[in-house]
Structures are given as structure tokens and as C-alpha cells.
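I've put the structures underneath this note.
In the two complexes below, chain A is the common chain; its partner is chain B in one and chain C in the other.
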Partner chain A sequence: MSAPLLNVQGLCVEFGPKAAPIRVINDVNLRVDPGEAVGIVGESGSGKSITSLSILRLVPEPPSRIAAGSITFEGRDLLAMPKSQLRHMRGRDIAMIFQEPMSSLNPVMTVEAQIGEAIMLHERMSRAERRARVIQLLRLVGIPDPESRLKAYPHQFSGGMRQRVMIAIAVACNPKLLIADEPTTALDVTIQAQVLDLMKDVREKLNTAILLISHDLGVIAEVCERVLVMYAGHVVEDADIRSLFENPKHPYTRGLLRAVPSLTDERSRLYQIPGSVPQAGSIKQGCPFYARCDLRQNICAQTMPAMSRHSSSHQAACWVTQNLSEVRSA
Partner chain B sequence: MATIEQDFAPPEPGLSQRLRRVFFGRTATVIATITVALFIFVAAFAPWLAPYDPMAQSFISINKPPSWEHWLGTDQFGRDVLSRMIWGSRNSLIFGFLSPVLAALIGGTLGVLSGYFGGILDRIVTRLVDMLLSFPELLLAILVAAALGGGFWNVVAVLTVAFTPGFARVARATTLSVKQEPYIESAIAAGVRTPVIILRHVVPNIMAPIVVLMTLWAASSIRLEATLSFLGIGTQPPAPSWGNIIREGLANIFATSWPIIAGGLAITIVVLAISIIGDQVRDELDPEIN
Partner chain C sequence: MARYILVRVLDSIPTILLVLTLVFLAMRILPGDPALAVLGDNAHPETIARFREQFGLNDPLWLQYLNFLRDVFTFDFGNSLVKNAPVATLIANNLPYTLELTLAAMVIGITFGIPLGVMAAVRRNKWQDNGFRVFSLVGYAVPDFYLGAVLLLTFSLSLGWFPINGAGTDFASRMHHIVLPALTLAMLKMAFIGRLTRTSLLEVLGRDYVRTARAKGASERRVVYRHGLRNALLPLSTGLGLSILSTLSGSVAVELVFNRPGIGRLLIEAITERDYPVIQAGVVVFASVVVIVNLLMDLVYVAVDPRIRVQ
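After this line comes the complex of A and B, so read on.
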């Protein structure tokens, strides 16, 4: 196995006062290899965004804090690193794309100035070189006639084009890892497809690893090879795309997949997982999915299951499916 | 890959075009702009435009009504009122623009810093601002002038202190909302240093309300200078300013009323003109209205 690019081990993030903390991220393990595309899927409040933000230590402290765990990038410990050194990694080694293309660009700066700023931060080049690089980046992300759009302001672009500009800013310094937090959520479906295509394209050309956060399994399946399913701050399943879709091992993942509508659907109502996500910190023991699970057994209420391996690239944290596969293999 | 997208936004007016619209948009603002420009011109070229020395006294022509020699007549010391008005416009106008600009710099800096960093700094600044805001500007000005004595720079300092809390409050409030914007978060994620984020990403986005406040207070400032000079704690005689031309004229109102009329009219016209421009600037820049 090659050395991982990003390795998150036992990450715990807490909110609230130190005396009575509310744990929103619990023992998350995450590994991204160079050039690999990994997705994190989960519903609102499952902790996927906080996980991605804590990688660059962007979670606001206070009220939240990284309570335990380690995050290493190319073997360097990001959590122990002084902020000044971390700043040099932000944008250059690890870049981020956010959810809101409408407001992620500064409204009073031209597109050239904003992309140029990203370049200027981490690379020394002359004005003319920088401009050439900006044009090249705009062309890479598929902005038509980039020369004439240099002096344009963000409000002169549509949502999809703004997201393209965001991607241009993110890849300006050839980062090794691109973290995209719901990059297509605010866009309509055709533009979504274009932006996803663009991300795949950029990945191929620049060999950038991608960590894609989404609530949409379809989006993740489009881009990623491997996916982590998060529920209530836990990683409940970690699998390659294929086995996740064909043979999900966690009841929550199964529920998610059953809820996906298809073109041949005869159902008048889509499937829905009963109940709602437990409030952060309300689960003291046992599996967080216990109350909503249709396979639950007594043991689930008492002890949180550990990740169990189903195949070389497939793990899930569930007592029931773990036992089933053991029975079958026995 | 498809790169065509239909919805190009219509080209927005650039800054120069917007400025042109501010100053020449409506007839009223055109007149106001020309008026203010004229007064600034007069103040700038006072030494060449004033027909007489504003301090020169003449006992043979005291309290004269307007004539060809003295367009606005003369005062009780025989000084030419027009020349005094022209020289006085320097004090009044410099004053009118200096205090708001200084207050915007100081108050804006305090407001942005406290809004951006929050914490203890924010608490101290906010309390200080609340404290200062509880005094009316004029009262504060009189208080400080009484303690330090009158004079141009003291009054500038006083009014700057009086205007600062307003700017600090506006800057803080807008910074708080701009700080929440995703583009600030993406700038942090891109590795931009905090001072650069503040200067390049926060400050330009909070300029609109600050500029509006500045234009609105330029008018107040001219008015307050006149008030303070009228009360005898502003510009000290014999140096002319519109306020103390009125003050000296008042004592002499039954001999000649021309100094009061000239001073009062000048203040009214300039304050009115600046207010009209201020309104237009607000209409143009205020995102609430656009």
C-alpha cells in the first residue's frame, strides 16, 4: 500500500463548554491516497462538513474544538502545526471549494484579481505571467473567451460560471488535495453535471486527489472511487463505490439507497427512513442508528459496533450485518 | 465539454459611471455639485479671489451697505465682508471635510477590528462607543472646548471624537455581516493572511455605508463649526469663519445686517448642497435600496 496523502485517525470534534462538551464528530477515520477521489455522504447534521473543515482547521474555535485524533498530510501532522505554517499549506497543498458559488466570491474584486490573489499567495511571478496563468486557468475550467472576462465582477457571472471560477481559484496552485464541500448543491441539474465533469477533468489533468462532500450519492458515484457514509458524527460505512451500491452493509446506507428514486419506479411514495437524525450529543451509548434501524438487536442499544471488514475495500459498523457475514463465511 | 451558458448578466455600470450618475444624475444634484465645486474653488483660491485683506481695518468705511467697492458691504471695523467670507470659507470647508474623514479613518478602523476579531476588544470598543454616543455632539464639543480652549485644531479634534463612534458602530455592524460571507471563509481556506483579508476582502465591502455616512456628516460638520464659532469656541477672531462672521455681525445687527445675511446664506447653501449630494450617494450605494 502506498503512503496516504491525507490520513485522519480517530478524529473527534466537540462543541460547547469543555465541562459538558457535545461531540459532533466521533472517532472518524479517513484516508485519501494521492490522486484518489473519495466521497463523504450523509444527511444534514451528520458531520461531513465539520470533518472537511477540521482538516484545514477551519472549524471555528471556540465554540468548537478538535478534541482528539490526528490529521496527517504527506506524513506531516496538521494539528500540531503552527497556524503560520498551516497557512502556507492552505491553498497550495490543500484547496477548498465551498457550497455557495453565489457568495463565495468577493463581490468587489474582479475575477482576475481573485484568481491572481490565490496565485500570488504561494507563487512568485510577474504581473504578465500571472495574467497568462489566470487566462490559462479560466480556459481550463471552461469559461468562454477568458481574455475578455478578466475584468468582470462575480455578479456578471451565472451560478455555474462562478463555481467554475471557484474551481479555477482552488486549482490555481496545483494543490495535491481538493476538498469540495457540496460543490453542486446550489446549482441546477445540467450545470451540476457540467461542474462534476469539470472536476473529473481537472483531476485527470492535474492528478489532484479529491475529497467530495455531498448528500447526494449520485454526485459521489459520478466522481469518486470510494465513499464514506457518515451518520450522527460516525463513519458507519467505508466502501468502494461498486460494492456500496451493490451490496451495502449498513442498514442506514441501505435505507439511503432505497430512498433514491429511479426512472422505472412504480412507487407512489419514495422510501423514507423512519424518524430523524438524533440531536448531537443525545446518544450516550450504543449505535446511533439504533432508534431508526429495522435490523436492530439488543446488543445495538448497548455498545457501538466497531468497523468490521467485509472485503478488502469494504467496512461497515454494524453488529447485525457483521454477524450475518460471519455466519455465512463459517 | 459544454462551455456555453445563456445567462450572461447585463453589464453593470462601472465605478466611474456610477460616480457620474451620483453627481450628474438629477437636476438638483447637478446644481448641488456645481455649487459645492464653486465653494471649493473659492476656498482654494482665496488669496487671489478676495478683493481685500480680510483683516485690514478701515475707520473711514464702517458698517457700509453693499457698493461697487465692497460687494457685501463692510463690518463694524470697516473690514470687507466679501473678503472675510471668501477667507472664512477655507476654515469652514476644511473643517467640514476634515472631521468626517478623520472620524471615518479612526472609527472605521476601530469598528472593523472589533467586528472582525470580536472578544475582549469588541467589548471595550462597543462600551466606549456607547458611552460617547450618549453625549450629543454639540455638548461634547462644548465640553472639550471649555476644557482645552477653542481654536481650529481643538475643534477638529473635538468633532472627530464626536463623529468617531457613529463610524465605529456602522463599520462594526457591516463587518460582522461581511465576516459571515463564504468568500471570507474561502479566503482563509486559500491561505490568505488575516491583515490581507481585512484590507482586501472586508474593507472594500463595507465602504458604501461609510461613504454615505461621510457625506451626510460633512454637512453636519460645517454646521457645527459655524455653531461653535458662533458660540465663541470655534475659530478664534480675528481669523474669519462663517460662524464668527455671524457672531460679530449679531452684535452689530442694527448698524448693518449684511454680514449675518452673507454668513447665514453661505452656510445654508453649502449644507443644503452637500446634503443633496449625500442623499444621492446613499441612493446609489446603499445595497438596501439597489
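After this line comes the complex of A and C, so read on.
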């Protein structure tokens, strides 16, 4: 195994007062190798966005704080690093794109200024060089006639185009890791496919590792080789994409897969996992999925299962399936 | 752009007309006879009659109104009933002092108010923020005539650092004279502008594009000033417009306390003397300033926010 690019170990994030903290991220382990694309999937409130924001320490503190764990990037501990030093890694080594292309760009700055800023913060170059680089980036992300759009403001772009500008900002300094937090959720389907293609394209050209956060397994399958399933602040399954789709080990993952609509489906109603995600911090012991699980046993209510290995690239946290060599696909 | 300005100017005409009408009516409805006010209670009835005739006070109301409007639009406000000088001259002599005072107060208010607000927002709930909250509460609560009197007593009478009254003649003495009155008005400005800055900056700092700026690797300073404050300026510019107007009305009290010449004092004196032409002209000047300031603020808005430019 090569050295990981990003290694998150035992990450815990808490909100609220120190005396009575609400734990929203619980013992999350996450590893991304150089050039690899990893997905995190989960429902709203599962903690996937907080996890991704924690990596660059972009979660507002207070009210939240990273209570335990370590996050290393190329062997350097991001949590121990002073903020001023971390700042130099933001955008240069690790870049991020967000869910809301409509509001993630500054409304009073031109796109040239916003993309140029990302370059200016990390690289010394003349104004003319910078402009040339901005044009090149706009071309890379597929904005037609980039020279004429330099002085345009975000409100003059459509949602899809704005997300392309966001990607241009993110890849401006050739980062080694690109974190994309629901990059396509706010876009309509055809634009979604274009943006995903663009991300794959960028990855190929720049050899950027990708951490893609989505609630949509289809989106993740499109881009990633490996996927983590998160539920109520826990990673419940970690597998290569093929094993996950063919042989999911956690009942929650199986529920997610069953909920995906398909064209050949005879069902008149889509499957839904009964119940809803528990409120953050409300589960004090046992498996957080216990209340909604169709395989639950007594032990599940008592103790949270540890991750157990099913193959070299597949592990899941479930008492029931860890003892079975194979679980009948539901 | 020129078209936009023209439309805005035309828009303001009905506002000015309405103000003019209200002033005209108010002066006629209020009790008190200018002839008696000027000539005294013991004046001979014949003198009074001649006075009324001379200044058109016997004309029917509608004729007085039309004459009044004609005078306003030809910038001919007639002569003061009391001061024996053309109203235009009185205005021209007094307006610069008021503008100078307003400008000085605004400059102090903005120079200190915005940084104070930024500090309070960035150090939210820390001692800096709490300290600013107390300061702004005091700034709001203390009336300017009282604050003016306290400053006057302390720094002019007791310490002798500043002149007691008047407005000075040459530039240096005018600057010297303006310090205390401007500070008096600026206290409220600082409190108001500071609070406004704090509120709108806090709102803006929670926005997604601020997170984007942080994710790019921008320093906190850059995030606050370049991305935060620039956007916070949008609501702030409206507030600044309001603030200029309140400074203008605040100058009335301050000019009295510091015995400074100015439109405010001119107006107060005119009201006590029932000097119709001066009152009317004074209010027209105030109303015009309000309209001009609003227009300027609209233009500032356009300059600050590219989204308005297109529409």
C-alpha cells in the first residue's frame, strides 16, 4: 500500500456547550490515496458534509469543535497545524467545491477576480500571466468564449455555469485533493451529468484525488472507485464500489440500494427505509440504525459494532452480517 | 446611467411638491400672526394692515400658494419679514456652515463607526463586542443637545481647549471651532454606523461565498474586508443615507447649543418670529438635501452592487 494522501483517524466532531456536547461525527476513519476518487454517501444529517468541512477546518468553531481524532495530509497533521499554516494548504493542496453554486460565489466580484484570487493567494505571477491562466481555467471547465466572460458577475451565469466557475476556482492551483460536497445536487439532471464528466475530466488531466460527498449513490458510482456509507455520524460501511453494489454488508446500505428507482422495476411504489435519521446525539448506545433495521438483534441495542473486514477492500459495522459469510441480497 | 439619474430626479419632484404644500399649509394653520410677531402687540392697526398688504398676506390662500410655488421654482424666496435681507442671501450665508458640520460629523462617524462595527462583528461576544455594545447604547441614549452641553462645559469652559461659540473665520479657526459640534453629532453616527456594520457583516460572514473565500486560502483579514465588508456595504449604504439626514436634523440642536451659524439655527429663529419666507425656504433646502442624498445613495448602490446595474 502506498502512503495515503489524506488519512482521517477517529474523527469526532461535537456541537454545543462543552459540558453537554452533541456528538455529530463519531469515530470516522477515512483514507484517500493519491489520485484516488472516494465517495461518501448518506442521508441528510448523516454527517458527511461536516466530515468534509472538518478536513479543512471550515466548520465554524464555535459552535462546533473537533473533539478527537487526527487528520493528516501527506503525513502532516492538519489539526495540530496553526491556522495560518493551514491557510496555505487551503486551495493549494486541498480545494473544495460546494453544493450551492448560486450562493457560493461572491456576488460583487467578477469571475476573473474570484478565480484570479485563488491563484494570487498561492502563486506569484504577473497580472497578465494570471489573466492568461484564468482564461485557460475557464476553457478547461468548458465555459465558451472565456475572454468575453472575464468581467462577468456570478448573477450573469446559470447554475451549471457557476458550478463550472467553482470548479475552475478549485483546480486553479492544481490541488492534490479536491473535496466536492454535493456538487451536483442543486443542478438539473443533464447539467449534473456534465459537471460529473467535467470532474472526471479534470481528475484525468491533473491527476487530482477526489473526495465526493453525495446522497446519491448513482453520482458516486459515476466518479468513485471506493465509497464510505455514513449513518448518524458513523461510517457503517467502506467498500470498493463494485462490492458495495453487488454485495452490500450493512442493512442500511442495502436499504439505500433498494430505494434507487430502476426502469425495469415493476413496483408501483418505491422502497423506503422505515423511520428517519435519528437526531444528532440522541443515540447514546448501540447501533444508530437499530430502530430502522430489519435484521436487528438484542446485541445491536447494547453495543455499537466495530468495523469488520469482509474482504481486503470491504468492511462494514454490523453484528448480524459480520457472522454470515454471505448475506442474501435483499 | 444618465437615463437612470434623470428618472430618479423626475421621481423626486412629486415628493418635493408634497413637502412644499405641507409646509405652506402648516404655516398658515398654526396660530400666530407674522404681522403681530414682527410689529409687536402694540402696533397700530393701520401699520398692521399695510404690512399684511405689502407681503401679500391678505391674498386668498390659493393665490398665496401659487405665488409661493412660483417663488420656489424661480429660487426667489423674497425678503425676510424680520431680518431685512433677501432670504436667498440668508440661506447662502448659513448653508455652508451646516454642510461643513454635517460633513465633519459624517467623516468622523464613518472613520470610527465602520472599524468599530467590524471589530465587534469579528470579536463577537468577546469583550470588544460587549464594550462596543455599551458604547453604542450610550451613543443612542444621550441626546445630542445634552452631550453638546457636556462637551462644551468640559472642553471649552473648564479646560479652554476649544472656542465657546461661533464658527471661526479662516480655515484653521473653522477647523478648531467645528471639533466639538462635529463630535457631538458624530457620537450617534458612530453608534448607528457601527451597529449597522456589525449586523450586516455578521450576516454576510455566514454566507456560502465567505466559506468559499476561506476554502481558497484567503486570510481572515482578506475574508472580512474583501469579501465580507464589500457585501455588507450594500445595506450599509442605505443606513449611511439615513444617517446623513439625521445628522442634518441633529445639526439644528447642535447649532443652538454651540451658538453656531447654520440653517438649523436660522430655521428655529424664523419659526419663533413667524418669518414665513425664511421658514419656507429653509424647509425647501432641507427637503432638497433629503432628495439629493437619497439620489446619491441610489447611485452608490448601483456602484456597489453589480446586480442592480443590469436591471
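Just so we're on the same page, the second predicted complex is superposed on the first by the 325 of 330 C-alpha atoms of A that agree within 3 Å, B and C clash if a C-alpha of one lies under 4 Å from a C-alpha of the other, contacts with A are read in each partner's own complex, and residues count from 1 in each chain.
In this section, a contact is a pair of C-beta atoms (placed from the backbone, for glycine too) under 8 Å apart; a residue touches a chain by one contact, two chains touch by 3 or more.
Note that the coordinates shown come from a computational prediction; the quantities given were computed from them, not determined experimentally.
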Fit-or-clash call for chain B and chain C when the two complexes are aligned on chain A: clash
Which superposed partner A:Val13 touches (first chain B, second chain C, both, neither): neither
Which superposed partner A:Val41 touches (first chain B, second chain C, both, neither): neither
Partner chain in contact with A:Leu211 - chain B first, chain C second, else both or neither: neither
Partner chain(s) touched by A:Ser158 [first = chain B, second = chain C, both, neither]: first
Which of chain B and chain C A:Val227 touches, first, second, both or neither: neither
First, second, both or neither for A:Arg92, with chain B first and chain C second: both
Chain B versus chain C as contact partner of A:Asp197, first or second or both or neither: first
Partner chain in contact with A:Pro144 - chain B first, chain C second, else both or neither: first
Superposed model, chain A: greater residue contact from chain B or chain C: B
Residues of chain A that lie at the interface with chain B and also at the interface with chain C: 56, 58, 87-92, 95-96, 98, 100, 103-109, 117-118, 121-122, 153, 155-156, 166, 169
Contact set on chain C toward chain A in their complex: 207-209, 211-219, 227, 230-231, 234, 304-307, 310
Chain C contact footprint on chain A (complex, rising order): 56, 58, 84, 87-92, 95-96, 98, 100, 103-109, 117-118, 121-122, 153, 155-156, 166, 169
Of chain A, residues touching chain B in the complex: 56, 58, 87-92, 95-96, 98-100, 103-109, 117-118, 121-122, 142-144, 153, 155-158, 160-161, 166, 169-170, 191, 194, 197-198, 201
Chain A partner contacts - residues on chain B that touch it in the complex: 1-5, 7-9, 11-12, 181-183, 185-193, 200-201, 204-205
